[in-house]
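Remarks on the structure that follows.
We just call them A, B, C, D and E in the order they show up, numbering each chain from 1.
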């Protein structure tokens, strides 16, 4: 119980850290009233911008149709360089589809080794599960007033319970100073019921008392970019059928 | 007073659990300015998407015209598979009506056996009352810091009072990790005054102290899909008259 | 000080309870840019829907032009049957004016005998004062944790001070479980200065400590329906001039 | 330190009390895309409505272009009669400009003698400084739980510090029961740096602990109505040039 | 540890204090659907307004494409005179681009010597780093209830840790009474990972307990005005290519 916590990290060269960007899009209902041909063209331009970025970077797409009311599609993009994330979104903004979209939710973060666990990853992994559950996370200031050892101790219970659900995979990224939240937490699994049970069980842990904010919570349905686009208007993208 | 609470459930196969989705729609006032023929067509497409899903799944419709200002119609859909909920909303989005709608409120949840009562259901039941009262529910973290036995004891008073109002039926579903709330609570009754009295009385229970959020609260008027659609513009859907 | 509070009421037949609905409308500025003839027609349809409902039910209209920035007109409707409130709003939605309106605030409530005073009414009264001051009201959960006797004692000071302002009339209706607030409080008077002084004075009462929310607060100018409509664009409704 | 506070005032005839209305306007960017001639006409109608009211009542205009992002122009109007404030806004709403405006912020208040100071005014004064700083103000309920004498004592420190900045002038008006806030506080000065220093210094007073809300805070640039209108699109109003 | 804090400053002539304005713009997606020629003209007018102001005043531009969802471009302008900031935004509003923009975030502040450090600047410096991290900052009222010496002591830990990250530069400006926040905090660096680590580390300081609000947090990509404009639609501004 008294193992020493790793010291909070100092600026040392960590070449492998990545920027992670979650971009949630909502399509203007008016776009759905356009001709099918125009919508096809708009989606194709969007898909091409994605394919360009995906050549050399991790890019994942998710549909939120039917799970949320305030957004329709989410793109998770990753790069070692913030400039590259910026450029990708500049190109994306030129696609026909983005000319009818707003971005109701947006989270910028970086990967970073965890103070509490050796299992943390410095890269988001390629798609490997049906669902991704994402939420921005802020801890109470009381949490940060605890000793590092005490925080370490409290987190071990949290981590131990998580390990009892091996089908659920966790990616935590860090947003301190970069965005409104402190962390972006993303769980992957094929079984939402398992995940629901885990989250309910974690409510009774000591760590849970120090949660200040963990909403909005997004249930994201993993999809290829063409499939996520097809879910917007029910039409497959003709030109991109091969990629599905 | 010391009966042991059921343990928080572990990932065991629970084949009968269902996804429950509450989708609240608001129609753009501009839609009401369209020709009657166009509106009829838009509603018919919507009704057909609903009928397709209802063939094999529970689907219920409610009108909120006159009870809320921020939404007009609510669909409650249920399936054992999240993919099916997603697909239903993809098809729905292609209907003419949805091209003029926004979704100001949306709640995704699952059924689950209760820790506190043996009466919980794993399926939402078909319509059987005139009104449904729905709200997303979040308990304070203090609640989860209590012993399971203590929570069990506190909930018994809550459940006992509920039983004094036998005309009121309760469906609780669980959203931990899937959506912003912890529970979606839905009461059904023919008598709103009774329900109002019950809720006011429950304010004085011990359990009530642990409520963090129980709004927005929706009074939903049960209706067939064609009737809920007719309430949007006062016009019955010609083609669907037979279904009313 | 130890008079027993009335018990919280049980579901007994209370035939005289009414539903009360406050509907606050905001007109799209684009409506004001339409031709005068079109606006006249739009308002006439609205006024006819109101007149239909008012034949047999209480209906009151208020203007908020110049007192609020987020709404222009408020309708207070009352019926013993919720279905009737719903139907009225369905008909209203078909009027030309409502095709350019949003409903930024909406409160559904019921009348109910007070636990604390014998003066409560089970019906909203017809217009009898120049101004109505309305706000949704939520008490803290600490309030409901007090003994009924203690709550009764605390309310007596509140009621006593109110009686010192006989020109001010109070209507409290109940929303537990039906809508986001617990109560809708409505004061009527011809003298806003008096009312302001009363509210400021009530801030120092013991009861005031248990207020969780009492906003938004609306200053509503009593008007006939035609006058409230005329205030929207400065034009009297030709056909309804006789009703003013 | 034990001077008795004035008793909270009772409904006595206070003929000189005035209604004060702060109306903050935001112009739809689409208005800026109209022809110059149309914009000129729209602004002229607005200016005429203002001139009519200003004949016999206090009316002041302010520009918020460059100081806020959510509004462009503020009108402060004053009358002894609420009906007159209502009528002014009805007439204003008919001007071409208002057909492209929303009202993101609106505060209704009344003047009233202060419990704590003899210097309070029952009328807003004509323009006499370059800048007006306005915010709605709500005190915590703990404040109102203090003895009147204790509140009086605490306010004296606050007032004393204010007097050290004689170039800054204060107008407090009262909104209890009329609007969402308790007070509307308005400071006038030619020197924003002085005012900033005063507000920062007041943060350390005892009175400051009882502040519940003091935002949004508006920096308003005093202007004639024609100048405030010219700031909307950079074009002087031809017909009203003489009034500048 | 007991060095005396500088007294909170009194109105003394501080000729070098400047107004600092952060204006965050969001472009209506409909603008992206206009012809390239029109967009080029709209951006050119915007750039010319910026160039005019920049002749004699500090003006810096940043892109938020890809880092935020609620805004696209930020202008930081500085002047000794508030009237000049106002005039700049009046001229800017006349540019074609602003006729399609809203301003979702806006912060007005002034420079001021710090109570706690001798290193504070009275002017924002010209661009010298790749990224600017900006947030509005409000401290809890408990902070202001501490003795000045105690506040001084607490801030020294905060400042000492900041100095361990010499590649990160801090600009704090003051908004008391001028805008909704108390401070606008802006950090500059080429290395976001360093900055993230610093902010995370500062969470454990004593000073951090007194933070009431430090969001929204903006990651701003430094750019020339033409480059920030080009990021809006992916098109360089023809006429301004030379300035890049």
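FYI, a contact is a pair of C-beta atoms (placed from the backbone, for glycine too) under 8 Å apart; a residue touches a chain by one contact, two chains touch by 3 or more.
Note that the coordinates shown come from a computational prediction; the quantities given were computed from them, not determined experimentally.
> Using the contact definition stated above, find the chains touching both subunit B and subunit C.
The shared contacts of subunit B and subunit C amount to nothing, since no chain touches both.
> Counting one step for each move to a touching chain, how far apart are subunit B and subunit E?
Step count on the best path from subunit B to subunit E: 2.
> Could the interface between the copies subunit D and subunit E be described as same, meaning over half of its residue numbers are common to both, or is it different?
On the two sides of the subunit E and subunit D interface, the residue numbers are mostly different, under half being shared.
> Taking the mean of the C-alpha atoms as each chain's centre, how many Å separate subunit B from subunit D?
45
> Per the centroid of Cα atoms for each chain, what is the distance between subunit A and subunit B, given in Å?
Whole-Å distance between the two chain centres: 28.
> Tell me, which residues of subunit C touch at least two other chains?
Residues of subunit C touching two or more partner chains: there are none.
> Given which chains touch which, is the overall layout a line, a ring, a star, complete, or other?
Topology of the interface graph: a ring, with each chain touching two neighbours.
> From subunit A, heading first to subunit E, list each chain in turn around the ring.
Traced from subunit A through subunit E, the chains around the ring are A, E, D, C, B.
> Give every residue of subunit E touching subunit D within the complex, in rising order.
Touch list, subunit E to subunit D: 8-11, 14, 17, 19, 21, 23-24, 28, 82-83, 85-91, 93-94, 98-106, 108, 110, 112, 141, 144-145, 148, 174-180, 182.
> Quick check: in the complex, which residue numbers of subunit C touch subunit D?
On the subunit C side, the touching residues are 29-30, 32-33, 63, 65-70, 130-131, 133, 164-165, 167, 187, 191-201, 203-204, 208-209, 211, 215-217, 219, 221, 231-234.
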